[in-house]
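In what follows, structures are represented as structure tokens.
Shared chain: chain A. Partners: chain B in the first complex, chain C in the second.
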Partner chain A sequence: MYGKGLRALSISTVAAMTVALGLVFFYAPLEAEQGFLQKIFYVHVPLAIVSLCGFVIGGLLAIQHLRTRDSRWDMRSYVVIHMSLIFALATLITGSIWAKGSWGHWWVWNEPTLVSYLIIFLLYATYQPLRFAIEDPERQARYASVFAITAGAFVPMNFIAVRLSTAYLHPRVLGSTSNLPGSMALTFLVSFGAISLLFATLCKYELTAKHTRSQIRALRRRLAGEPARAPRGRSAAPSPAPTTLAPAGRPAS
Partner chain B sequence: MTGRLIAVVPALPLHTAGKYVAGAFIVLFAMVLIYVSIMAIRLSRMERELGELLELAERDGEGAEAPLVQRESTPA
Partner chain C sequence: MSPVADAPPRLAGEREQTQARRQLGTWRTVGAILRKELLVELRTLESVPAMTLFSLTTFVVFHFALNRSSVEGDLGAGILWVTLLFASILGVNRLFVADAEEGGFDGFLLAPVDRSAMLIAKALTLAAYLVALEIVALPAFSLLLLGTPLGPALPGLLLTLVLADLGVAVIGTLIAAMAVRTRARDLLGPLLALPLFVPIVIGAARATAPLLSDSHPTWPAARWLGTLGLYDLLFGLIAYALFDFLLED
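Right after this comes the complex of A and B.
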């Protein structure tokens, strides 16, 4: 179900990443002020944008979960937020490396973009503990969805607030791509596409793995003669959707 | 071909900035690599579980073979 198109997506991701790396190192010119250090821009900024978009998408999927009460939407929201958190961590690390090379410090507290991004990261870092704290799967899914929607709405608000702030030390990207030379803009867009594809592929892998695991568990329970939905232990991961294992001799619908 | 390619690509000044750029890209690839390793561990676990289930199903099949044949031959 979730594995459909995974191979094509994986191949596209590898191809896009290869093209992006080729453009970054062999096509894009060196930036006048920062020189070779500016190459970090092609990995750091796409990671940041994709992770923030992921948080918002997680919120939209959570809305769908609350509307339909279908646990599959909760699973999707969980996986997207989980992956966004990993991408956000990569953003913070690459950003720190860039800051060290550019400003001479690993972290600058008076830079609103950095601090606001850290706040978003820390906010979402509480998502998994929140889930783990609630044992009842339905209540867990509901509370997690409310959290995902609220935090997801906070992301664009935070972005706008930072934009409106007075300090403009941090390099601006969105809204200023037209200021980039054509070769740099092309390289940035390809890198952004490659990172987006990587995000989509990893999410799909995660969903496929979780779905397969829940099917194996359901099969084990069925072979052991236990009910299809046995009570589970405390877990931060969402409760899997009811698996449609067909009765013996009849294919699954 | 390679000579022409080298001629058009910008020189890579790896003196001071190189280590930072390398670090940033290594972070990305290390994270992907860690994720792939975790997926490989999960996959091997699922493979082992499927093997156990197959064994269980085969054992059950041997035990239930006789009644199943009997059921199939009985008209509905």
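Right after this comes the complex of A and C.
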């Protein structure tokens, strides 16, 4: 059930990534000032936008969890935030490389986007420890959702506050797609689509893997004649309830 | 025990409860909890003395760490706000400990009252702690470290303090309620709270810096006060919407 469409999604992600990288390296023109280095823009900015959106989506999924009390929404929220955290780390690293190349420093405090990212990253880095520190699964899901909503609302507020705090903004070479030449804009949009697809695919893989693992565990326990729902150990990840088991009395095939 | 046979009395009970809830009134509940909190604090003297002592020690530490006998401008504002925030973290960590350990949560949940009253009362308690902290810390800062006179800057500084205190109180209460029932509560509280405090530091420190500068102490810039006020308002709404979910069970 969870693995449905995974193959098509994976193939289209690989294809989109290939096309995007091809465009980045062979089609997009060299930028006059920064030269080859500017090409990191096609990876860095989509990563940043996707992880930001991921954090906000994680908050929206958490709202859905608190409204419906369905643990599947918590699961989705967890997976999306988990993936966004990884993407945010990649954003920080690529941003640092770009900063080193164009401004000569690994870290630049007056680039508001980098600084906001660091703060948001530090906040979300406590998401897993928070989950890990609560044993009761129901309360863990509830508290994690409260955190996800708070942090999701914090993301745009933090960006505004940090942006206000920088007295002058760096000349934003490529602030929006509107002032890009056509070939660059096309490359950017394609790589943005590719990275969004990558995000979706990875989320789906994680969801499927978690679901499959819990189903296998339930089946194993059933073979051993134990109750289907295992006693929970300490875990930061929500465990999905096994849903598609054969009804009791018949052997599960 | 069929749910159908069970339903009418339970419904009636619930109706009575909601009526009682309305009758009691949120603000009376807030007053009662606030009174209880301040009374407990006055009798045990657990949080406020620790917070003030911590702030004084931190000023001394800053004096030696920076090797300066007086500071002003943005350095002074930074020291003041870092000290106040770290001292407030001590209060945040202790805010719900008594409720979690001595069954205060259970008692509150059994009472037919609005649950948001707990948020408002606890945030007011924390704000009162912060005011008590600042009554000691601000003169001490002026005496020990500040190179410029505090007097002319005082009205603007007080307004900034009030706005920042509100934000710290609301965020601190939400985080404290979240962290208190986790295993590593003393570790998680500060980790969760500090990133959320960053916009407050930005607004408060930028607003305070010109007030503490040598040249001309003026009124803080409206944009920083606006940032602080907006942040307080938004986080107040978020905390109000989410706090109930932290209290179920």
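Heads up, the rule we're going with is that the second predicted complex is superposed on the first by the 228 of 253 C-alpha atoms of A that agree within 3 Å, B and C clash if a C-alpha of one lies under 4 Å from a C-alpha of the other, contacts with A are read in each partner's own complex, and residues count from 1 in each chain.
In the analysis below, a residue touches a chain if its C-beta (ideal position, glycine included) is under 8 Å from a C-beta of that chain, and two chains touch if they have at least 3 such contacts.
For clarity, every value in this text was computed on a predicted model and none was experimentally measured.
**Q** After the match on chain A, would you call chain B and chain C a fit or a clash?
**A** In the arrangement built by aligning on chain A, the partners chain C and chain B fit side by side.
**Q** Per the contact definition in the header, classify A:15: touching chain B only (first), chain C only (second), both, or neither.
**A** In the superposition, A:15 contacts neither chain B nor chain C.
**Q** Please work out whether A:165 is in contact with chain B alone, chain C alone, both, or neither, and reply first, second, both or neither.
**A** In the superposition, A:165 touches chain C alone.
**Q** Have a look at where A:216 lands relative to chain B and chain C in the superposition and call it first, second, both or neither.
**A** In the superposition, A:216 touches chain B alone.
**Q** Using the superposed model, determine the angle chain B, chain A, chain C defined by their C-alpha centres, to the nearest 10 degrees.
**A** 140
**Q** Report for A:157: first if it touches chain B alone, second if chain C alone, otherwise both or neither.
**A** second
**Q** Looking at A:35 after the superposition, I want to know if it touches chain B, chain C, both of them or none. Which is it: first, second, both, neither?
**A** first
**Q** Quick check on the superposed pair: does A:126 touch chain B, chain C, both, or neither? Answer first, second, both or neither.
**A** Touch partner of A:126: chain C, not chain B.
**Q** On the combined arrangement from the superposition, state the nearest Cα-Cα distance between chain B and chain C in Å.
**A** 26
**Q** If you lay the two complexes on top of each other, which residues of chain A touch chain B in one and chain C in the other?
**A** none
**Q** Over in the complex, which chain B residues touch chain A? Could you list them?
**A** Residue positions touching the partner: 5, 9-10, 12-14, 16-18, 20-21, 23-25, 27-28, 31-32, 35, 39, 42-43, 46, 49-50, 53, 56-57, 60.
**Q** Taking the complex as given, what residues does chain C use to touch chain A?
**A** Checking each residue of chain C against chain A gives 174, 178-179, 181-185, 187-188, 191-192, 194-196, 198-199, 202-203, 206, 223, 227, 231, 234, 238, 241-242, 245-246, 248-249.
**Q** Can you tell me which positions in chain A touch chain B when the two form their complex?
**A** 25-30, 34-37, 39-40, 43-44, 47, 86, 89-90, 93-94, 97-98, 100-101, 198, 202, 205, 209, 212-213, 216, 219-220, 223-224
**Q** Can you list the chain A residues touching chain C in their complex?
**A** Going through chain A, the ones touching chain C are 66, 119-120, 122-123, 126, 129-130, 133-135, 138-139, 142-143, 145-147, 149-150, 153-154, 157-158, 160-162, 164-165.
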